[in-house]
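Report on the following structure.
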């Protein structure tokens, strides 16, 4: 897919299921915004338009989150981001500024596609990591502290993301 | 101390943290640093708006905060796409990055 | 009954103070950290956590479906946009070769990897140097 | 004891003045740009403190979504290198300018000072006749009923602005890095949310701060995001549909204005009972028209005529 050639074709999503899920999700969001739903005279066109755009802009690869994976991922993610926040607070508030940054490269075990992107964005909220570049399955990561056991840590996050998307990790 | 005093004091505190990050806008050194501080403005703005909305009894401010949160990334995207050119101008052929 | 509400109020208060602390960390981090990557790393985490705490406190305070769900939507918007924006700024900084803090360790494997990148796909070639 | 709120106001004012000073005196264009963006965000807070949430909402949507991106893109076109060092004029000239500025400042200060502290304004009249407006939010009532003239002419101004931009030339294809998967993922996620929130703001306008301008500005930042991500518009929509959308706000407003006249009614005097429906219709169309107008202004010129504006479809 070349840059800019991304066509907005409305029905590129995988069938009716995806459309329905989105329709329900956006209707829910509308109800949340309007506090109990109301103004459907604007709401219905907005929800339908949002659904069409969401389907039209979507990458041709179809993916789904597994409901159980989501349930398992959320508490893990919240806990890890809390750890990330505490870790960074400790460093930023400490008078000596205890950081030992490093740029490391990590070859992803996740298959190419949305799960890799999701992983790259997720680790920005986890302790000490910031993704700098994702290129063909190689992720360049900036670490706040090179001393962290990052390889094991990242592998664990990858397992979680794989569980969320229902994909298999590559064997090394 | 009344409850709304607490909210206003909190909002004042957030405004002061914003003032701290302003120093980074002025100092730089790279444009990324400045942009980052501007982004912190937007996110702290969300907090300030929520607190003021509670303290001033203006629920409409929640909507302003929602817009702040929704559009926080737009300026950053404009920045990385158009200002901070990474030298390369050619069309890249892969979208894997 | 009254005891429960007091405990809840205290909990809300603690959450709000923690939120304020994280927001302060975000600002201090931006001021104190030595280069753009460390600043961004600090910012992305503490801002999301700080606002998350603040909004969570609001949710507990109101205990109302309307407010709670809107607070959740606001957290969700922040949690979606901040990591991506950070990643994009970080990527631009990295590719345009912004100098890292002198204490930063670059691993050897990375250098080797980047060497291979300049070969077949010319995509981002030439940016890492400078 | 000073209350926290007045301290907040004081800090806000100091920050605004300090920012304005640095913004004007910055030699580095990028620095000025970022200061300008932060200034817009702080102005939104200032409007909040002035108890004008409608304006704060518009400032938030325009400041965070459009203006920031617009100024950054303009800077991207200039290139950062061109931040030229202006010659600081002679001492005499500077003294002259300074005294002129001080004089103006004194004049404005005097004008503000001499205002009565309690101004009646037209508030009472507006609230008295809210029942006739067809909506519950006084600001919307004023903008689309009592003073719909102003809004009509504002649409004319926006339309003229597009004509002006288009007469300058075609939008040039910007050179920018490939958007990359993570940016595209963000855009895919944000666009539907932006559409929903913009519809929500439009809906809000009837009862609370919000309305066509705020909704339109949020929707326009969706267009800005699409343009920034390199998603190209569908060529077949770039011909007359685009022009129709651009003109629709002004045109519909005019049509309604003329259509409701008759009998003893003047231009834009809605027949009783029709106010609500007509305002909703106008606001809905205005939202789209404003969004398209701002998006087109962001693109910076008329769409390129060459590949398939109508006939051949997409080339390449």
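The chains carry the letters A, B, C and D, assigned in the order they are written, with residues numbered from 1 in each.
One rule holds in what follows: a residue touches a chain if its C-beta (ideal position, glycine included) is under 8 Å from a C-beta of that chain, and two chains touch if they have at least 3 such contacts.
Worth saying up front: this structure is predicted, and the values here are computed from it rather than measured.
Of all chain pairs in this entry, the one linked by the most C-beta contacts is B-D. For chain A, the chain whose average C-alpha position is most distant is D.
Each chain gets a centre from the mean of its Cα atoms; for chain B and chain D, those two points are 19 Å apart.
The centroid of the Cα atoms in chain B and the matching centroid in chain C are 12 Å apart. Remark: chain C and chain D have CA centroids separated by 29 Å (rounded to whole angstrom). Residues of chain C found to touch two or more other chains are 28, 40, 50, 70, 73, 77, 81-82, 84, 87-88, 91-93, 95, 121, 123-124. Across the assembly, chain B contributes 18, 35, 37, 66, 70, 72-73, 77, 79-80, 85-86, 88, 91-97 as residues in contact with two or more other chains.
Annotation for chain A: residues 3-4, 29, 33, 120-121, 133-136 touch two or more other chains. The touching residues of chain D, when paired with chain A in their complex, are 178-182, 184-185, 187-188, 191-193, 195-200, 202-203, 206, 230-232, 234, 280, 284, 316. The touching residues of chain A, when paired with chain D in their complex, are 3-8, 22, 26, 29-30, 33-34, 38-39, 41-43, 45-47, 49-51, 53-54, 57-59, 114, 116-118, 120-121, 134.
Within the complex formed with chain B, the chain D residues making contact are 3-5, 7-8, 11-12, 15, 18-19, 22, 30-31, 34-35, 37-38, 41-42, 44-45, 48-49, 51, 53, 56-57, 60-61, 64-65, 68-69, 72-73, 75-77, 80, 174-181, 183-184, 186, 190, 193-194, 197, 200-201, 204, 208-210, 214, 218, 221, 224-225, 228-229. Those residues of chain C whose C-beta lies close enough to touch chain A in the complex are 21-22, 25, 28-29, 32-35, 37-38, 40-42, 44-46, 48-50, 66, 69-70, 72-73, 79, 82-84, 86-87, 90-91, 93-95, 100-101, 103-107, 109-110, 113, 117, 121, 123-124. Within the complex, the chain B residues that touch chain C are 10, 13-14, 17-18, 20-21, 23-24, 30, 32-33, 35-37, 39-40, 43-44, 46-47, 50-51, 54, 62, 65-66, 69-70, 72-73, 76-77, 79-80, 84-88, 90, 92-94, 97.
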